[in-house]
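Take a look at the structures below.
Both of the next two complexes hold chain A, though its partner changes from chain B to chain C.
Right, the complex of A and B next:
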């Protein structure tokens, strides 16, 4: 029972950070912008986006693996983060383009004229020329960056407070979270929601003020930023689950009622974790969409959040590195198999075309992992480290399920 | 001496069935009390009401010197006010070590942010060691609670109750599934605990209650049928009729 800094309590934290650093350096020296150019810019972007997805998975693991809430609306926070940063990206870029155009007119434009021209340019596509109220802060990068964490955080806080206070649990809570993200998506799909309806926000890969920097360089910068965010928030998440707080949230996952009788305000703990996870997810989203270049309401459809849950399940719930591994492995495999580059599998009687069959394979592996390896890929590391659950096969020797089993008694 | 817990005239019905019917009960700050009654007498509902799990339709529950009403408080607040509950089935957190289980139960600020910043101190570690020693689990501190035997889990849960130092302890059928030796150990522990606090033992094993040698409250159909020493209540014709006669 000696006290160790939390970083040293489990070697996994240092291993993850080291692997992340090596990966980032390796991609950098192989990139077009800073090295040999072996890795094309589009692949650097895929890597950067994958790191963002891994960060979202870490947050999902906090909520699901540690707190026990299977949130099927986690990607709503991811997309909201993307929308918030996208507003500034789109506004500032449009403003610079429009300003150049208007400068050619005989009378220099007023600030109001400029704003109207920007609004016309952005919202012409949905038949509107006014800047909606939700774009009030779009001119300011610091404000929109603040909104990246504030808006999803507030949504999580209010939603969580309502749901947890009513003690909605288990599958009902999962359905509620799914309904939340679906409702949000349907609202965003409307043209008058103020977020350009199903067109979404586009051109996000161009950073205003950095027109002179090419995409090859930008992609590496975003890779660095994504890796830094993953590193920092991985540390934060590891710290949160390391001490008594981690103990309490795992206890809530296993037996919420008992934790209440120990005097812990269960709802408060759930709110803290849920809101923190939403904010982390939003940061991941804000870094993801500038690399993807476009965001639209389809990103909020429940299926995206279900994928996130599948990654965490395959990687290993309740292990932060498991979430990272799951997200990286499965999302990279997904893009490889669905990208049409995977060779077809010739079974003799039938040729498996991976573009069509990948979803089936993924679904099947999810079922198999749930049934046979509930700890996912991380379970392999547990096994290597010798952390084994006691074998509980054999006859009961005592009064109830917790009683000593035949085999344990022999040992 | 004023009562620590004062339950007056509570009623609770579930779908028309009166589980608790105008029940009144009080216990002093230092007292051991056994509550007995046949199945369906309302023992568990009574505990649920005191610990905040169930809200009564009618009546009043007051706790402590200031007579604070418990009805407006939730389970966690009641637990923090000093009422501990031991369930019939041992409920420990099986995925975590014995030390973690005990640490979680230690008396400390329960606010999420305070818990987030909490780190073990020399004092807290010493307390965990002392508690583990007291319940005979000092050799198991780093084992996961799920690996313990049934009896050890019971003791771990008792250790967790001791850690939170409640002023009133509600114990649900402590003797269930215990061997004779374990029962004697449990009896000794309960009597010792009752020297410094109020302990309510809900039990329907008459032999066990006799060992406790304390005041007995007999429940029947949701209200108090008789109260007094065990010999006194066992002579009560009503009690013989509804409970002991069977």
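Right, the complex of A and C next:
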């Protein structure tokens, strides 16, 4: 029997790619740099960053929606990717500035002097003048781009191997991933860890070597890059979950012990998906932070990763497009409501100022989604498409315990 | 002020005939009125001594002078402030007289006070004897030491002890001969008081000297090897340069500066400027300049090496007698050993108080996790709710003690109700889905946090402890623990006891243990697992509220208060193992102790301590995946 190509197995893949393409073209046409200028540059950047967050959400969905690991440390990989690319951005830009300065002096600088001046410029703010060992490759773009996937990948591999090997799962694993990102954040907060402490890396929006290109153009380029990355990795993720491999990881999610008894190396499967997701998240981060312009350890605090989980849950776990929808809708809504542009809601007795009350509304609506719509927004599409699970007494419990229905689970 | 007024009155009583003048004092004052008006710290000493020697009137004058109670009239009389003022020289009352106040600077007052000390050591007023001792403790002369020895007897035993100790300390500093000083050092050896250690430090102060042979008559502490840990090669070279035993070697910056001064036609020493971006080219250019005689030769590496060979490096004591320094070094070693032991005890106390906080914060979490297998992410917000309850009660009830007594049960009740509501509305409907519960309670957590911000604002609110909880219990200069932390420790012990009682001795505890072990079996025995879960959840949340008050007492109350403790609480539960209060206790002790130990190894960097702590836990889980005290039996399978 021949299988359909995975891309045709579900219309959702093509629909998502088409929507992404249309969106990108539309923003480009309406941007300052390449079109009418209806959309301001800052909004183009927000769109670009949102696409990166959507990519991170896709990776989160792989880990949580398909593999069943609620990782509360996903943003650690996101920020690590940002730090890795940020090292080159900051080093190369400082180097070009310092080189111009030193060229004024009567004697041309040696390579060592140039490096010391750069280090002094970058690390003066944390009271150091030496280039830390972790910056050894910062001069080279290809090496740092390699590190963008290698460092988070290695971290995920080592952490995952330690955790999965000792059969830590469920809530324990979630707490452990949270501890991991907290440990990393606290380490980065130190001045002597070599990443400028709580100052973080800044000035990342200026690309070295592209000084002549204005931010309006750059923002569109980054939008294209983010959209391309989202498209490519969406396809990759869809491919991963489509075939036998996808069946196995869904089975691990639903009943790990059973899969192990069937002879599958559960730890290996988990490790592959966990590491792959970490790398995808890191790429998203590497594209996100040059658009944001600054990265600091606060980005790694556990709360950020939990928000990622919230987006995926609201969008719909176990559906890749659900993750994309969740990330885009919730993050855009959040920035709209907390940005102070949302009109106040006058209840007569009390005027609801959304800057103050959005968090409350988000928290409560999140509880409601978990309680009443475990499939999230994606559940609506399922319903429209008529994809309904066979009725097996009681409510559907969502992707996590997909094998069980409410009545069965209570037993 | 009042003190000096009293003194003036006392003085008036002591002097039976007020008009009796003190001619010696009169002479001194008349002869030095300029210096009294504008004294200088460096030159006022002899004058002060002269005035002190004139008798009680002189001392009274000095008292007033040091206390800024002395004023000078236009006709050159000195007045001691009072109502009415007193003529300082004659002791007469001088009603209506007015003068400009003399305000000697602190240096001058120091000189005057040290001159007064001798007289004050036997003063009838204990407060003034104590202040004289305070002055002496800052340093004294041999004369003062002798005065102190003459006044060792004191009716107040505490002051007598202070005098005896101060006598020993002063003997170490300014004793008559070295034998006496060594004796004094040996008497106090092993003491860990800050004052004793401060007295030893100047004796053991050293300076580094480079010389071919040990200097004659010098008290050598030890010889240093250049290149070792104590004397890096660069420091040794700097020492040689400082003693003119070596030409300063040329630094890279210096080299560049010299080269920049000798650019001729775009070349330095025949080498084009553009080529000077390599260190080799720069060296060649400098050598060329050296050969041409335009620059002085710089020390080469070989010369530096030779100078290092030719010289030895010694650490010399400033104190010349080896007997004194040996005794001091031995005493310091003993002090350090005892100090280390006491620091360990202090660390233990710190760790214990941290552990009790973690215990209070984690115990509710552990119990709910044991019974229902759910992690309540809103637990931190319950802690915050408790702290804000305490704050609100405090704004309503002014009396701190009473408000604390009201706040503790109220916080428990508030968070108990909040916990039960959360259970009924959310957690019950997510049975058997721990990850969803985790996320749903996280939603509650962010909503509650923002709600607290909206109600109480973003700035930190103080939760002030009653007066009897302020201050600290201090054993000596090293060991000390603040009363609040002791109170929290007691509170944690009380809750441990209460919890053990409920679990082991009540029907509710029995049912909770049954549901923890096997909910299905418990249900078939007629226990309602739903009700038990609800009560446990309420109980756990209630204790979080109590923990909130405890934490609020020493930290500021903010909406993020709970967030700071939630991860540590999770860690405590994970490390300790679930469903067993002893596990929580062990986890809290381990985490509290370990964070304090790691912190003490690197006190400057608490962030690193927390990082290592979490790394340790991740590794610990490798070996004990179910915690220190794991659940056994069927319940462990779930």
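Things worth noting here:
Here, the second predicted complex is superposed on the first by the 387 of 411 C-alpha atoms of A that agree within 3 Å, B and C clash if a C-alpha of one lies under 4 Å from a C-alpha of the other, contacts with A are read in each partner's own complex, and residues count from 1 in each chain.
Here, a residue touches a chain if its C-beta (ideal position, glycine included) is under 8 Å from a C-beta of that chain, and two chains touch if they have at least 3 such contacts.
These numbers come from a predicted model, not from an experiment.
By the touch criterion defined above, A:269 reaches chain B but does not reach chain C.
Look at A:349: by the touch rule set out above, it reaches neither chain B nor chain C. When the two complexes are overlaid on their common chain A, residue A:244 makes contact with chain B while staying clear of chain C.
In the superposition on chain A, A:182 makes contact with chain C only, not with chain B. After overlaying the two complexes on the shared chain, residue contacts for A:359 are found with chain C alone; chain B is out of touch. Chain A has more of its residues touched by C than by the other of chain B and chain C. Once both structures are placed on chain A, chain A residues 398, 400, 404 are touched by chain B and, in the other complex, by chain C.
Taken together, the chain C residues at the contact with chain A in this complex read 252, 256, 259-260, 263, 268, 273-274, 276-279, 282, 369, 373-375, 426, 429-436, 438-440, 442-451, 453-454, 563, 567, 570-571, 574, 605, 607-608, 610-611, 614-615, 617-619, 621-623, 625. By the touch criterion stated above, chain B contacts chain A in their complex at residues 51, 53, 74-77, 79-80, 84-85, 87, 89-91, 93-96, 99-100, 103-105, 110-113, 115-116, 118-120, 125, 128-129, 141, 146-147, 149-150, 153, 160, 164, 176-177.
Residue ranges on chain A touching chain B, taken from their complex, read 1, 3, 240, 243-245, 247-248, 250-251, 254-255, 257-258, 260-266, 268-269, 271-272, 389-390, 398-400, 402-404, 408.
Chain contact summary for the complex, chain A toward chain C: residues 70, 105-113, 159, 162-163, 165-168, 170-172, 174-176, 178-180, 182-184, 186-187, 189-190, 192, 302-303, 306, 309-310, 313, 356-360, 362-367, 370-371, 374, 397-398, 400-401, 404, 409-410.
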